[in-house]
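Note that subunit A is present in both complexes that follow, paired respectively with subunit B and with subunit C.
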Partner chain A sequence: MATTATTDAPETSGAFGAVPSFDVTLRIRRFTPELTGAEAYWEEFTVTAYGTDRLLDALHKVKWDLDGSVTFRRSCAHGVCGSDAMRINGKNRLACKSLLKDLNPDKPITIEPIKGLPVIKDLVVDMDPFFASFREIMPFLITTGNEPTKERLQSSAQRERFDDTTKCILCAACTTSCPVFWTDGQYFGPAAIVNAHRFIFDSRDEGAAQRLEILNDKEGVWRCRTTFNCTEACPRGIEVTKAIAEVKRAMITRAF
Partner chain B sequence: MSAQTQGAAAIADPGAPYRRRRTTRGNFELYTWVFMRASGAILVLLIFGHLFVNLVAGEGIKAIDFGFVAGKWANPFWQGWDLVMLWLAMIHGTNGVRTIVNDYAERDGLRLVLKLALYAAFIVVVTLGTLVIFTFDPCPAGAPADLLPSFCST
Partner chain C sequence: MQTHQYDVVIIGAGGAGMRAALESSKRTRTAVISKLYPTRSHTGAAQGGMCAALANVEEDNWEWHTFDTVKGGDYLVDQDAAEVMAKEAIDAVLDLEKMGLPFNRTPEGKIDQRRFGGHTRNHGEAAVRRSCYAADRTGHMILQTLYQQCVKHDVEFFNEFYVLDVLLSDDLTGGEVPDGAEVKVSGVVAYELATGEIHLFRAKSVIIATGGAGKIFKTSSNAHTLTGDGMALAFRRGIPLEDLEFFQFHPTGLAGLGILLSEAARGEGAILRNGDGERFMERYAPSIKDLAPRDIVARAMANEVRDGRGAGPEKDYILLDLTHLEKAHIDAKLPDITDFARTYLGIEPYTEPIPVYPTAHYAMGGIPTTITSQVLRNNTDTVGGLYAAGECACVSVHGSNRLGTNSLLDINVFGKRAGVAAAEYAIGADWVDLPDDPEVGVVAELEEMRTRPTGERVADVRRELQQTMDTNAQVFRTDASLRQALADVHALQVRYATVSVQDKSKAFNTDLLEALELGFLLDVAEVVVVGALNRQESRGGHFREDFPLRDDAGYMKHTMAYRRPLGQVAPAAVSTATSAGPTAAGATAAGPTATGSDPVESVGGPGASAPGTFDVVLGYKPVVVTRYEPMERKY
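Right after this comes the complex of A and B.
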């Protein structure tokens, strides 16, 4: 590290410590019904990017410098708001958490809207069906009796029980990676079940029976085929399929 | 407002909330899910037992002929074994195909047709199979004695 004299330094690096740049091609699935009709099409953009750039930075370059009509959602750009889930090289990822160097920039990077939800424009989809399922499982604390004067106490073990599913940012990467959801969109989807799990296994919550009843539906947890697409897609690393299996088990122990 | 709309095609209210078709709550899918696991485990035992007795035990595969099968179905134990195997396999398989139809058929009409065909095939196979197991005559009149099970000659 101390005395490595390199003669084959990249030509582009003008100064010491400069980040090498490279050209990357983005192949974007575009849908512009107001201009080109109801047919989606592919459009390629080539931008210069740096090794530290994320896919979102490249998309920004496309939108800001090349074609302002390219439309996508993003808000915080740091993997917390869950706005910029998209299908990148066939996998559901957050654009703001995908480094270009990890996506093999030698080949064009395909970017599509997440699958199974109606596309509004380019990469923007109608999230209403997704949030309708989320609302159906009642994602709020349900209690009975008088409210305590102080906070509702919980041991660290009780908190640990549902810790994994509290991380969900509702980006829809899991639900739109699920083949069962793709078919007709009637399935509740992994994200709704994950958020039900977060309350079902919360010791402070008393609505578990109602939530299990809601998910004990023809379109509920029993449509899960454990393909693990959702676990693979989750940008927060939630073990989604495991959470669904735990909800299934809770239903079975309740029924027998 | 009407001046803005070009073309006569009616556009669904863009602000209309998404609705799940209807709630289909109930324990049916729960029971079928549990049944698939339980019947799968039992079927493994039944089928491998069946294969072992027919193909490996005793004289092995050479033993299978009319007499062998007729002899087995004269025994209430093997009648029961084959009946359970038939029913579990048919319900397990039919339910499996039903879930596949639900997963892959997108249009309701296609779903209905496929499921009706599936249930029709189920009824035919289960009825015929059950009938054969219980009404099988191991000693048909006039058949050569060397093809029949040993207990027919007495």
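Right after this comes the complex of A and C.
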């Protein structure tokens, strides 16, 4: 089925000059068990878009003007909340950080749910297993003894050591791009390891040994096959594979 | 329907909700109900920092911070509340550091601080370095850190549950409950998105921490999910909304998109320039220039564009110039916002100035509370067990214009206060009887909307609402523009009564939820416009071209807007309200009879916007003045 919509004005129009428009077709992987049974299917929608539009704008046009039942998560719409990770032309991306003009709108853009987590409806997956892995690595500062009266001191260099992994927004783009995770849902996955890294290399933290013990598990960090999918998928530009390698090295050298 | 029983139920899992949860859950049985996974909350989008007079890099003290907050809010701030916030700011920042928040550091290893709009040394002498920050993702770090602590302390979450009604012992919308009578909260009704099932939560204490309502405007820095849910739910149950006409337009949204570029850019030395390349803020705020409070900068920018001095082919935006800053400095202090400029506008901030324009950002007003976060149902009576904190609340620490960084501070200080107070109240309180069939109103509304075969499209009504609010109730307002906005909102409320969704399924029906959220937006927008129409002065974020001066004799008081039956004058406690003024005129001008529709029958529950059934009735609450007499606001 193909449907078309045009709206009078771009959603994002306003102060920023005139922007040329073009048509774009979205090929969406749909799953609506309540209405159409247990088989997923493809559906195409064509909408008019503008040069500054994100894929999320096009998805909204589909939902708001063509078919309200097309279902996806979104919130902030500028890449900081992590709600709208999806598989766009075969790559994990945030819909709100993918500009249509960068996606070659001459061909239909395929949109699927992220892989490896149970699909609930259309592009919405069950995130609970993902957050369960996150919780397992004790993602919080662990300290002993009395707290200082004022702040704990930390040098800029010590702060810089784990800066990259503090950027994580838990969108799951990395974990659901990982071939090991696809075949083995027990694997902690890159996001959990990134968040372990954030604390293992924080000079204020005293829980590194415990976390490394957890990640030394057979479903832990050694499952990583260094395919770099995660680094490529991260919308925050975190060097995920490098972080995983640093955790592996810390496990061997016990230096962190 | 499933039923649950908790001592404390917290609605919302942003900064205020989670900060409250950390306090409450270590004291008593607590549940957090959130329409999003906690880490999706919009606290995470805050960038620049959180002010506290730590004096880590230069002399500072909490009294200066209090003064700046009061002056920044154009003297509509309750000064006792501002003092509480500025004093407790110091521990609030230290608490977060101890929880693990990775603040940027000074050479000595202490928390680093930087300049921010309106924050000054010694009552306005010069900009002071007061904002504690983590690059330009301070809000992200706060949200992550609070969530990490919630994981550590095993806080119980109900994620992707929408609260659709707050249950009280008495119906306040009739206006018949006398002042002084005891009114208590008894629980909430929630909708589970994954299944469509209704859940009843019985609770001794309820904390509303649902955030803002920026989506009443078209150009906004706010998330799609910031639809004023908590404000509207309280309002529909007869609780007033305070000072909602004061909405902050952040000066530097990406032009045309509204995406926020932090004031931290200017704190780090960036300059605003008009189309002639002029640093125009020198004319508007000679002493602190680009670091003047947001209302002043936003108005100056809009004024430059209106006078033909905008930049770009249409001369319709302003330029934020970072090109004189070191690349390494930009990368270290402002990595995210420069990335936004590259991603969304294709601008390289190292070498090109960034097109910006004011964007709807923050509601100064909200659900009125005491300084212990208890919700007020009139000027003096609190609702037993009901608390509010964060952007949905109005303490009032922001008055008519919030200073940058004071929102992250607000959620931490008053979130903590709400959590402590709600738990302590619940421990000493008895269970309150639930109303009979408490879910009936919600279920009826949901089912009617879900099964209505045809009708208005949600997106059409929402687009028109956002357009009229941008056109008529934004940075510049007049009597005529606001009357137009009110007429439009009323007409849209009538259309909303016949809204129909296409998704008829039960599971994960976001189509249906967007429809409900639209109802909240319409209610909130109406209160914003009615308050703005009534306030015939200019103060802070509210600028009336037909009344360009601040009028302390007439309007140095908080607006209290109540939902009451049509024709009711004003609550007894506020009989001085000018209900015969523009409000009543507005209401008659645009009442549903004017559009030819029949009044819509109330379903007895929270109901959608109910044109023809209720009116917005205004009262006033005095401003608390302790140390600072109002002065002319100059920077």
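The criterion applied here is as follows: the second predicted complex is superposed on the first by the 237 of 256 C-alpha atoms of A that agree within 3 Å, B and C clash if a C-alpha of one lies under 4 Å from a C-alpha of the other, contacts with A are read in each partner's own complex, and residues count from 1 in each chain.
The rule is simple: a contact is a pair of C-beta atoms (placed from the backbone, for glycine too) under 8 Å apart; a residue touches a chain by one contact, two chains touch by 3 or more.
The shown structure was predicted, so the numbers you read here are calculated from the model rather than taken from an experiment.
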| item | value |
| --- | --- |
| Touching partner for A:Pro179 - first (subunit B), second (subunit C), both, neither | first |
| First, second, both or neither for A:His78, with subunit B first and subunit C second | second |
| When both partners are placed on the shared chain, which of subunit B and subunit C touches more of subunit A | C |
| Which superposed partner A:Met251 touches (first subunit B, second subunit C, both, neither) | first |
| Contacts of A:Leu123 with subunit B and subunit C, given as first, second, both or neither | neither |
| Partner chain in contact with A:Ile111 - subunit B first, subunit C second, else both or neither | neither |
| First, second, both or neither for A:Leu99, with subunit B first and subunit C second | second |
| Partner chain(s) touched by A:Ile214 [first = subunit B, second = subunit C, both, neither] | first |
| Of all residues in subunit C, those that touch subunit A in their complex | 36-37, 39-42, 44-45, 94, 97-100, 102-105, 107-111, 134-135, 137, 140-141, 144, 148-149, 151-152, 194, 218-219, 223-225, 255-260, 312-314, 316-317, 336, 339-340, 343-345, 355, 357, 457-459, 501-511 |
| Subunit A residues touching subunit C - in the complex, by the definition given at the top | 12-18, 32-35, 52, 54, 63-65, 67-69, 71-83, 97, 99, 120-121, 124, 127, 131, 134-135, 138-141, 147-148, 150-156, 159, 162-163, 166-170, 199, 202, 204-205, 237 |
| Partner subunit B, residues of subunit A touching it in the complex | 128-129, 132-133, 136, 179-180, 183-184, 186, 213-214, 216-220, 222-223, 225, 248, 251-252, 255 |
| Complex contact set, residues of subunit B against subunit A | 17-21, 23-30, 32-34, 99, 102-106 |
